[in-house]
């Protein structure tokens, strides 16, 4: 694994941006791909995080604090060492219809891969809708970026509500976020799934998701799937 | 436990000084007492370290890297949080003959409590003999402090060799260091023992040492014992 | 807006479910400057044997990832020393006292049971069938028949509630648990340290003189938790869950799996303030979930979870 | 100044003792970009069952302090799929291949044994008697009689070396181990995941759908190590030690306790480069200690340690 030194952090409550200096290269990371990030001791599992942005061995992640590893990242002083490997998973661009434009629908930390997508493929982006619960999230984003935020606390609307106003058949949807959000999207949407992962490379069979074509692996076959292919009851 | 933030470190190979800012008070620590220091997750045991010096909630430890916790302390960035409690154990001053002067005989990290003793009770110190293997240790000490160092690599003498030249019956010996060193001291010496500890306060019975008066606990009855009282074969 | 943390088990009211496991805190006295005993549910005293024991030669403790392996070897003053020197002071500990005994023969169990029964301050007797640290002795709790015999003997000698302390590392804990209950145990403690070892790679020898010791700490938590869950599924007796409880989440997990009382071993050895921190955490959890009493969460994992209620 | 890491066991020469445990690396192909198989001793392939299995519903993995609890449920293409799709590709893996099978009835064991025997690339057959993750099935390795039956059946069908993979969490592993060896096993794998669980405190329900799963990782190391030690004390057959080996020190501990081969499960799942790191560490250790071959340290903890030699 590659050593990754925590260089910068910017936190607002349970969300934060974390920039790591890598002592090695990520090879041509694409949007939708993720890294497996590991702390030096606890937890012992490496866990998946989508690439928010990557440049010159500087990797930025957008992380929601939910448990042990994310908790540790939040409380680490600058200079703390982590380990990463990747990029793993398939680039979104390899799985979607390349002729379309897309509305990027993000919920919470699901915004991470969508940001990287819009950095790498700006011409394919029709609109960005990034949903969050609380206004506190604003302070993490620049004024320009804030235009894409849909904050429930302020507008009493979710991204799905707003999506209804802009959506039309010829535009694709590329979404990443919590399951309840994904379930409310049109059937043809591309949805980026999460699952508990062990290896991140397709060997351990931890990240199973049931589809109409049988059990698939989020890390090896995804993370992006057509919404209509997923057997949601299994999740 | 009290939060302890790593504020300063000065390392030479496997030895180092570490200063922590405490978010709470140690009550009147005395030389010979130790703190139990714990990392935020691994290892889960708190482990004993003698107080090297303490002033205004600034605690300095003198640590040899030997395993997991000490390894973690050495590799921690400034700002890392630890937890401590103490002071535990008996002050040397309560256990020794208060009328005598003492030669302080230290080996390796055993120097820590002796330094604190000489800070607090300078008039009781007849001489300081601090033994180390390699010259690299010099860079951790001021020029003045270096006068007390006996470095095997340089002089081909151990502290015990040098002690023979200065020792006389009416002077006491107060020693802390590795067991082979302690075993080579005069019978009447006071020796500060180490043991694997669980609680540090006398409840768990982990730190047993056998003496002529039965099994004693390093944390509750020590750490200082008369050399002649110890049944060394048991250790 | 208080939540009720008290539990009634063994006909006794515990002010809260957090108790101190036998061993790491000894007889408790040295802990008093660090922990206000009036805040905890109970203390299980260090196991007492018939004769005084000086314990095993050092090292008696070695840690591993997530755990601590101990090999104390039941250092204790023996039942006579206990009766004379410890028992008279027990009232200083402002909580419920559970006595713990371990015999090496049926005769020993008999004397130990009798003596413990006589001590007024001891409200409950725990029979330690699972100490992994005594040279040449198998653990009683590995064998259903031996478990039965011991429980029956002690049962005859005392009207106080008795609790059988079982080993977590047996093939079929439900079998042993059932036997203990059928033989007259009022409750079960699950579990003790799991047999474990470390080798010093520099010398090529086991670090502990008896080779193996008992592993406690968060490493074993998911294993012991599964044993509590399985036992509760099969049997309806009060269970004391012990094994790797380090924080309030661990404690709640054990309660949900079916434990009525929650014992801290390693946690309190590492940090004497752990019990207070954990009790506060349980309280805050129940408040957040709007659950008015701790009682309500015991065993919910068997009954459809929290949302059913 | 090379040290010799090779070991001869089962009549086969392994280039070094580090092997991949069954499961976490599947059939190995996806790992090839990250690990040069010519550097490792062997791979034990994912367990194959008679019928294809889609595995358990998610979540299939949850971590705990020092460990990972898995509940994959033996997702695999079934023996037919294995023979047709996997077997022909096995020669791509430049190391010794150990096949792993698990039957749910004696008939199934028979077919599985037969089919595995026919595959030329498979040099050794591991019989997985200890999968903790199949709904409603007890583990064969909990019971000496069942263990005996299964080993005997497979023994009749193949001349290849067979290894019985045992559960670490049984009361008396020596009894089960002896039975397996007497029934014809050429070696033993100790162990598999230990039955373990976690409860989600927010819902009050077990996190895994089957409630319990198998705990691996450094948390269980001292427990499984003790089982290897005890088994080696009683029996002189080759043992594959598996359970929480994360670094070279862990590997050496298992070797000193008596294991000839050292399997990595969690370690390689977390970090595909772990095997290489561990092999380098073992090599450096032997060089530092001036021990010319790995062979020399196997079981030294039973023979007075390193200094005796």
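Chains here go by letter, A, B, C and D, matching the order in which they are written, and residues are numbered from 1 within each.
Keep this in mind: a contact is a pair of C-beta atoms (placed from the backbone, for glycine too) under 8 Å apart; a residue touches a chain by one contact, two chains touch by 3 or more.
These numbers were taken from a predicted model, which means no experiment stands behind them.
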Mutual neighbours - chains that touch chain B and chain D alike: A, C
If a chain touches chain A and chain C alike, it appears here: B, D
Centroid-based (C-alpha) most distant chain relative to chain C: A
Rounded Å distance, chain A centre to chain D centre (Cα mean): 35
Distance between the centres, which are taken as Cα means, of chain B and chain A, whole angstrom: 50
Geometric centre distance via CA averages, chain D-chain C, whole Å: 33
Sequence positions of chain A contacting 2 or more other chains: 41-42, 44
Junction residues of chain C - those touching two or more other chains: 65-67, 218, 246
For the chain D and chain A complex, residues of the former touching the latter: 23-26, 28, 30-31, 34, 54-55, 57-63, 65-68, 70, 72, 75, 217-218, 246, 266, 269-273
Touching residues on chain A, where the partner in the complex is chain D: 1, 38, 42-46, 68, 83, 85, 195-199, 201-210, 214-215, 220, 234-235
Chain D-touching residues of chain C, taken from the complex the two chains share: 64-67, 69, 142, 169-172, 194-199, 201-206, 211-212, 215, 218-223, 225-226, 229, 244, 246, 249, 252-253, 256-257, 285, 297, 300-301, 304-307
For the chain B and chain A complex, residues of the former touching the latter: 40-42, 72, 75, 77-81
